[in-house]
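Consider the two complexes below, in which chain A is the common component and chain B and chain C are the respective partners.
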Partner chain A sequence: MNATAEAKKTGFLKRLVSRRVGNKVSPAGNILINLVFIICSIVCIAPIILITIISFTDEKELLANGYSFFPEKFSVKAYDYVITAGDTIWRAYGVSILVTLLGTFLSLMVICFYAYPLSRSSFKYKNFFSFIAYFTMIFGGGLVPWYMVYTQLIPLKNTIWIMIVPYLMNAWYMIIMRTFFKTTVHESIIESAKIDGAGEFRTFFVIVLPLCKAGLATIGLFCTLGYWNDWWLPLVFITEHRLYNIQYLMYQTLNSIQYLASGSASFSESAKVLADLPSESARMAIAVISIGPIIFAYPFFQKYFVKGLTIGAVKG
Partner chain B sequence: MSKTKRICSLLLITVLAFALVLSGCTPIGTGTDGGGTTQTDGGETGQTGEAPVKLTWYLVGNRQEPDTPKVLEEANSYLKDKLNVTLDLYVFGWGDDYDQKVNTALAAGEPIDIVFTANWAANYNVNAASGYFKELNAYLDKYPAIKNILGEDFLNGSAINGKNYAVPTNKEKVHNWGWLVRKDLVEKYNMDISNIKSIEAIEPLLKIIKDNEPEITPLCIATMDAPFQLLDWDRISDDDVPGALYPDNRDYTIINHFLAPESIEHYKLMRDWANKGYIHKDAATMQNQVELMKSGRYFAASQSLKPGKDAEMTAQTGIEWLQIDVTRPVMSNRETTGALLAIPAGSKNPEKAFQFIEMLYTDKYLKNLLNYGIENVHYKKISDNVIELIDPDNSGYNPGHGWKFGDQFKDYLMSNEDPQKWDKFLKFNEEGLVLNSLGFMFDKTNVETEISACKNVVQTYYKQLFTGAVEVEPTVEQFEKELKAAGVDELIAEMQRQYDDWRKSK
Partner chain C sequence: MQSKQGDTTIIKPSSNKGFFYELKNNWPLFVMLIPGLVVLIINNYIPMFGIIIAFKRYRFHGDFITSVIKSEWVGFKNFEMFFKGPYAFNITRNTILYNLAFILLGLVIPVAFAIMLNEMTNKRTAKVYQSVMFLPYFLSWIVVSYLAFSFFSIENGFLNRSLLDAFGIEPVKWYFEPKYWPFIITFFQLWKYTGYNTVVYLAAISGFDPEYYEAAEIDGASKWQQIRYITIPLLRTLMIILTLLAIGRIFNADFGLFYHVPRNSGQLFTVTDVIDTYVYRALRNSNNISIAAAAGTYQAIVGCVTVFTANFIVRKIDSDKALF
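Then we have the complex of A and B:
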């Protein structure tokens, strides 16, 4: 009896609220807002669609008519080239997936392990470790010393680890994560865990981490994107072509073409060399393939993403 | 709570499982890699004291050819008896890719034995000046074969202050400029191309095309690949830096060649041609001239030439071309430092490395093995010196390395190439005028600000002027004003000072 009255009341309140919200945006305004966002979406999506269409366009037609959303002649020759070009591309694909999964997992672990103690007010050396993290944000060693650390001090050159280790720790993500821990997990929750007899590790894994899923997902997405899109580490450290990742392979091809076409390389054979590189449509096909798996990461992370971002940003 | 926990642990387990499964896959990659390094370690320390020396070699190219290991195996077994070395060859992409890798490795003092370098790759001048390359004069005297093959002039041209830090490839040592025109159209309209000896002289041909072929644009231009190059200024620095000498040794005065009277005349000619519709409207924004030529929509293009260039471009573009030589062949710094091999300071076996480089000039078998792959696997011989690729479309080894190292005149010829190619090259080389500036290297350090400021200005204006897209007089006026503000006078003065000093010390 009482409960139904309650329900009626909340129902009424809801209707009231929704009517008010509805009243706030006039139909014209609604259309306008929708229009703006539709345009924004088109601006974002159109290039991807264009790339996909180009990759399916006949090469001859590309040369004659340029890019078009409505090509006259379709062709799958570009994908044929990519598939028959040997195992290079698939191998690079495998390297990218492995590095991304392993890297994201390890990176999240390292970042959390660093951030969590800093979020606890009872941690004695908090300032010292915060300072170290901040310091790396402002000062860097420069390219060559950095290179020497990873080739001579820790000989990781030409291993899969060189594409993971340098990005394991990121001071900026660490700070976001620390803020997240601090604001989401109240000190009293940790205290109550302690009273219930949980050790520090148990508290961390069983209480704190599950409460911070949104934060983990946010930083996880950042790391995933960072690892997937990276071509800089292979550019500097990988000389074995077996260990090239997909982004680097693409970077190498596109950069070569751009360089040769710009005329900076004024040697007599540059034209010949240029002609041997993959055609326009083949390049687009590689781009389309490299978008592949990462596009599926978004929906997975999305529901946590917005929440995590606002918390990290507003209270950081 | 328990639900979240379960989801979370499930997630973790999935990621872990993935990681395990995939890391289970990689040991094939990382494992063999580790194996590779231990092997080389073993090689260096040696079991019997006679273990072969490993030479690491960095080259620029399109890609690491899939069959590289096979070819290297073959080369290693051949080299074992000759020099007792094994090769480790790495190929990196053009531009940033190669420069980044090599420059970082050089700066870190990595033990690389041989690197490809040039005025356009792994910055030869800067790296040599920084002491990253070994001085080779002593070796050149000790093993004279390279000196004999290249000749003093050419070798000195690549030296910096009289010291050789790298050895150039023996190939065409001169360059000239001219036109490539469509053979089918020349025949169709019975054009006479034998009398074209200047830039303007091609105009009647362009007019015929304009009047009769509405589908075809007479002249193909893509940014720097413009007829402007036919003026063939002997540039002191990069393409887009003002400062050049006349290409005929007439004097020793460096001028701002973008605003020289000849250049301004040329801009006016281009403007006239653009107005007459000989140049496509989008010329100023196009990038890749070869790709444009492939499209079949253009009649003529300006190109850097050498004997057989027309046949080469025909093979590449699938359209038949004829070449018209316009400028006189000259030997400039562009050629002497166009393709070099250097030995980095970090090399542990410089002498072996040099001996190997020498073999690239003297050993025909080795040169062709590295260039074309293994006989009867990658190519087959048609006659003594002529070969054919076995699977041209999907070859396991066709890197096109011929011009990057050693003596290119020792390369086999392809069946579709002119059998006289090398003889013509030699003749072409002899015809060349040796420019006064040969061997002069401009040191940018004092005028870096001026150079980058001038580059910015040139980048803003050259495309419009080269393609006739704008009125010449007001643009040139503005161009001149901005270059002055950017410090072009200081830049040219510095070039002149260095050039005079260099001439005195010669």
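Then we have the complex of A and C:
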């Protein structure tokens, strides 16, 4: 009796010890960790689910019971409205797409062109030009002079370009791109291309860029996200309604839902639109539509962001 | 180290010729730099010289350059007005205190999360958690303000209509009650960036040599001991560097967080107004342009000093990680 109890005890202790020493967390610890992350994941995702549900909730229900995770009556009227009547919304969506595509393309060009010479160890002035880019990360003139430059020196206010030009060059992305060039393209490849008679531009486009597709994808996605999510430049520089992008339209809509009707031609027409506008749910539907592309492209985003972060962390 | 030695041996003898020799021989490389340089000059360097606006009473005279030149010098008067005004102390305090909270929480929570994710038995679930928590980073502050609104809206919000109602608590006028906002602001900052920071630390942890842990296991070290004596010491440099770089930016607030999430509500300014939002509002109110410029210059200069100091310390710890 005593002996078996003893044996049980030592067996238990042994298991306990082996569990602690084995290179895994204890099952209890694992459950605790899972619990923490389940709660955090819910906290992260719940607000997004809530606005999605609101966008699918019947308007009368919203006014009667407020925003809820479990509405009694669903409706697609908000999306119906957004798709059929929302000229303003599609226009803003178009502006966002145009700015994102054009901006990402131009920005990639500018960043790669700047990063490539700096990645060449034979380029004598690489440190000087690196510093010129670095310095902008440390010191800036502040909002007021910057605003003056784009309104008074180079009048880009209320043009599509104001939503593109200020983000074309980014010192941080440039550094990451330079590291990509440095680590993937060895100087000897460039040397041999030169010996074969290729000029610098030819080498760059035909040899270097194709080798750095992962780098291009990473920085391209950084830029895409930056342009798509931008509300700052329209907030500061855009006053004309036809140039609002989707983010800025959302900002205006949160302040006053009337905004959605303002795209309509006449006053009476806009009054009519406003009267049967499922305002609460339509507003959230726009938010859902603006997140759509990001969720859709999320697997790519995540993959390349992690890659970019790792490279950014090692810094060349 | 090895690659550095390699580089020095490769360097061409031509490297001690002059700038024009270099320009003539490597002109395509210089041409490539031009677009970036033009953008940097317009977007960053001209505004730097625009700082003199802060020392003038700015009046518009046809175009920017003449306006800057012709406007009357007032010395430090704009700064005097800014610092004697009612806002300077409040916005500086808010900016620094919020950033201190963000730095502390943005260090402890992501490091803990990264270690926990790394220790999880089921790697696939760990990946799912990581993906879900990384998602908020990809949403704009406008979207976040919608998310906040869906909870805090006074008329229809989830909190007032569903949660507080269920417990029989009176509805709260969230957008008019400053006392809640330090927590709400901090919550959303963490909500948006914790996943991102966790990924940064997790990327570092997954790069650690597994032999350390195998050796520790053979020596009988428990999981706790492995975390305490291997993971954390190995992470220390990265933790110090990221924290110092964040301290360097302590004078810069995240405009979107402080402007959009509280919906620029005037009643909340005592706890939500920061230097960036103040400068923006002052710029919008055109009588205040010179004072706005003074506030911006104050931020830029103090910010520059903190970045330099932080960078100086980073360089002492690990010169590879220094910004410059």
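Please note the rule applied: the second predicted complex is superposed on the first by the 202 of 316 C-alpha atoms of A that agree within 3 Å, B and C clash if a C-alpha of one lies under 4 Å from a C-alpha of the other, contacts with A are read in each partner's own complex, and residues count from 1 in each chain.
By definition in this document, a contact is a pair of C-beta atoms (placed from the backbone, for glycine too) under 8 Å apart; a residue touches a chain by one contact, two chains touch by 3 or more.
In this text, all values refer to a predicted model and were calculated from it rather than measured experimentally.
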Exercise. Which chain, chain B or chain C, is in touch with more residues of chain A?
Worked result: C
Exercise. When the two structures are overlaid on chain A, which partner does A:L101 contact: first (chain B), second (chain C), both, or neither?
Worked result: first
Exercise. Where does A:T239 make contact in the superposed view: on chain B (first), on chain C (second), on both, or on neither?
Worked result: first
For this session: Quick one: classify A:M148 as touching chain B (first), chain C (second), both or neither.
Result: both
For this session: Using the superposition on chain A described above, determine whether A:Y251 touches chain B (first), chain C (second), both, or neither.
Result: both
For this session: Would you sort A:I189 into first (chain B), second (chain C), both or neither based on which partner it touches?
Result: neither
Exercise. Looking at the overlay, what does A:A198 touch: chain B (first), chain C (second), both, or neither?
Worked result: neither
Problem set entry | Intersection of chain A interface sets (partners chain B, chain C) | 63, 143-144, 147-148, 152, 236, 251, 255, 280
For this session: Would you pull the chain A residues touching chain B in the complex into a rising list?
Result: 63-64, 84, 86, 88, 94-95, 97-98, 101-102, 104-105, 143-144, 147-148, 151-152, 158-160, 206, 209-210, 213, 235-236, 239-243, 251-253, 255-269, 271-277, 280
Problem set entry | chain A-touching residues of chain B, taken from the complex the two chains share | 1, 4-5, 8, 15-16, 18-19, 22-23, 25-26, 29-30, 33-34, 58, 61-64, 66, 90-97, 100-101, 104-105, 107-108, 110, 118, 120-121, 171-172, 175, 222-225, 238-239, 287-292, 294-297, 303-304, 306, 312-313, 316-317, 334, 338-339, 394, 400, 403
Problem set entry | Interface residues, chain C side, partner chain A - complex | 7, 10-12, 15, 19, 22, 26, 28-30, 32-37, 39-40, 42-51, 53-54, 60, 63-65, 67, 113, 116-117, 119-122, 125, 128-129, 131-136, 138-143, 145-151, 153, 155-158, 160-162, 191, 194-195, 199-200, 203-204, 207, 213-214, 217, 220-223, 226, 238, 255-256, 260, 263, 276, 279-280, 283, 289, 292-293, 295-297, 299-300, 303-304, 307-308, 320-321, 323-324
Problem set entry | Residues of chain A touching chain C in the complex | 20-27, 29-30, 33-34, 36-38, 40-41, 43-45, 47-48, 50-51, 54, 62-63, 65-69, 109-111, 113-114, 116-117, 120-125, 129, 131-149, 152-154, 165-166, 168-169, 174, 187, 199-201, 204, 225, 228-232, 236, 247-248, 250-251, 254-255, 280, 283-284, 287, 290-291, 294, 298, 301-302, 305-306, 309-310, 313, 315
